[in-house]
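These are the structures, in structure tokens.
Two complexes are shown next, each including chain A; its partner changes from chain B in the first to chain C in the second.
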Partner chain A sequence: MAHAPTRSRKPTDLNKGQILPVLFFILALIPQGVVAQVYGSSFHNVTVTVATVNIVQASAAVVSLTIGPADVTAGVDLMGPVTNSATSLLWGFNSSLRKVTVRTNLAAPKFILKVLCVTPSQGTASPEVTLSTTAADFLINTGRSSGTCTIRYSGTALASAGTGTDSHTITFTVAAQ
Partner chain B sequence: MNHRQSMNRLTALFVGAAFLLIVVHSTGTAQVGTIQVRNGDQTLNIVAGTAGGSMTSVVNTTAQLRYWRKAAIAKVTVTTSCPGQSFSLSVVATGVTRGVAAPAVNLVNGMLAVDFITSIPSAGTWTSTTPTLRYTASATFAQGNSAEMGNDVHTVTYTLQVQ
Partner chain C sequence: MNRREQHIATAVRRLAVLSLLAVASAFGQEASTNQTLTLQVFETNKIDINQRAVTLVINQASLETGSPIEATNEDGNLIWITNGENKKITVASNNAAPRFLVKVNALDITGSSGVAAPEVTLNDNTTKDFVVGVSRTWGKCKIRFVASAKVADGVGTETHLITYTITGG
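Here is the complex of A and B:
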């Protein structure tokens, strides 16, 4: 039986087990810029915190209502009403479901002063209230928002009560609803 | 030593040299020598607002970004991850002397990486530079507060790459 001729391996020939390391070596020589577009990354954490902020502010510090002769009807004890809508209330609530209440510091006023929230940009205006030292709802159903409304003051007096001046300090307070 | 032994030794030499080259390459792409955020994690606290307006924005300029000169013109990109993000955060590089700072970038959870500093030159003898990272946090009243919404925790990543 004839045998197939065998080829003699030259000393410089590579066997299969040597090809892989050689390819590995050649690949490692390829410049980094060709293989990878990214040089490196770095990161850090940045935290944003927001405090609870619920604020209201009246646009004017002083409001005046004067009941005078023009507001009197002969034979009628009730004088007025005289109204003032020059003041706005501004608010900013970042807590959910808030309301605004209103009260006066004057425990025994001589005349009657009422207040009403008019056309609020957010929430629901409560009915007109006669100011007392007990806080009453002024604006309700106000969620997280920033808004404004008109404050309408209405003053009346009884002719039988005579003349005089009531000085009120009106306080608007943000409360949880 | 016969032929087989000498070839085996040659093979071992190739493998060792390849391994060493790869180690050297990897060291060259490590954080030091490429890009590095300095001065650690940062916090911005929004604590005030204006009735009828917005919450008062807060700025932080403590962190810096150091990057090195590379063989090709390069750029830095920025991205963030902030699951459940409620508030606004933006960043801009200031004091950039190597490259061109992009306008302030709004950092939004899940955003793609966007250019932050471009045209970083490869020429010259400069080694590295360290501009400032100016973060601005803002919020509206409608976005709520941390007590109800939680804090926003961003992982902001800067990448130096070929432009």
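Here is the complex of A and C:
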């Protein structure tokens, strides 16, 4: 009696019912990150907002000027001038066409104080200003720039003004031109 | 990325944007800056003359009296400035006992910069008033010298070193 040839079965062979659980088991071992890199995508929105920036700063907070005998000529009414160019003004604007004004808080000074913006790296220096409580142009035609200039103060006094001390608070302000 | 990580990332992004806005806003508000300036004026008194040497020559005599005719000189100018109060200008010679007579006074004082003192005789080396009432002013005047001599004084030359001083009045 002849027998039909039969395939011998190895002990490690899996049947169809066993393959699926094994496959799931292997997939479960793969890290989620690998799956995301291959099959996933993600996005987000980044919003950058730049506000109007107007910054102005003096390099030193205190300045002093002194008129004494060395600054006076006999027979000349005006004593001085004495000057101080030790400080600078620094600025940064991201708006078009800005200017810097200057004023003092001292309503009735005894002596004459003038200020000038010297060699600005950007913009145009205004003519020398005699300081008062009304804001006057110090630097004009500056737009979207950062820069610096030397602040030159000039003090004079008339003999008739006598002696004494003027204390000013000088304010530099950014304004639209 | 799990849900928790996504929430963290979203929160970080929002915080960054808020920080950027806050910084930009802070810069935007700082649109002015202040500087304190002190201008001090000390008391100053200065005086000067425009002519360092003055010569007076007496070489004529009056036909009527026979006395020498006095010599005058107004070439010199005195200039001054003071921002102090109640000052005066004095004059002094270094010649303690002059043989000839020299007088001096201030002429044509500008504006209200002082009042001329009466004519001064420089007959010793003491200090005498020349211009008074000088306060917070600058000024100018002519210096007028008058020299005279008596016949009995004879001939000769005298030198005076004249000093003008602006001082407290």
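In the analysis below, the second predicted complex is superposed on the first by the 136 of 177 C-alpha atoms of A that agree within 3 Å, B and C clash if a C-alpha of one lies under 4 Å from a C-alpha of the other, contacts with A are read in each partner's own complex, and residues count from 1 in each chain.
Everything below uses one rule, namely that a contact is a pair of C-beta atoms (placed from the backbone, for glycine too) under 8 Å apart; a residue touches a chain by one contact, two chains touch by 3 or more.
Since we're looking at a predicted model, the values are computed, not measured.
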Tell me which partner A:64 touches in the superposition: chain B (first), chain C (second), both or neither. second
Please indicate which partner A:133 is in contact with in the superposed arrangement: first for chain B, second for chain C, both, or neither. neither
Now for A:147: first (chain B), second (chain C), both, or neither, which partner does it touch? first
For A:172 in the superposed arrangement: first (chain B), second (chain C), both or neither? second
Just chain B (first), just chain C (second), both, or neither: which does A:75 touch? second
Per-residue touch tally on chain A - higher for chain B or for chain C: C
Looking at the overlay, what does A:159 touch: chain B (first), chain C (second), both, or neither? second
Who does A:49 touch here: chain B (first), chain C (second), both, or neither? both
Intersection of the chain A residues that touch chain B with those that touch chain C: 32, 36, 42, 44, 46-53, 55-57, 92
Under the definition above, what is the set of chain C residues touching chain A in their complex? 1-2, 9-10, 13, 17, 20-21, 24-25, 27-28, 30-48, 79-85, 136-140
Residue numbers on chain A that touch chain B, as the complex places them: 11, 14-15, 17-18, 21-22, 24-25, 27-29, 32-33, 36-53, 55-57, 90-96, 143-148
Which of the residues in chain B end up touching chain A in this complex? 3, 7, 10-11, 14-15, 17-18, 21-22, 25, 28-31, 33-37, 40-55, 60, 63, 65, 70-72, 74, 80, 86-87, 89, 107, 135, 137, 139-149, 151-162
Which residues of chain A touch chain C in the complex? 32, 36, 42, 44, 46-58, 60-69, 71-77, 79, 87, 89, 92, 104, 109-111, 113, 151, 153, 155, 157, 159-175
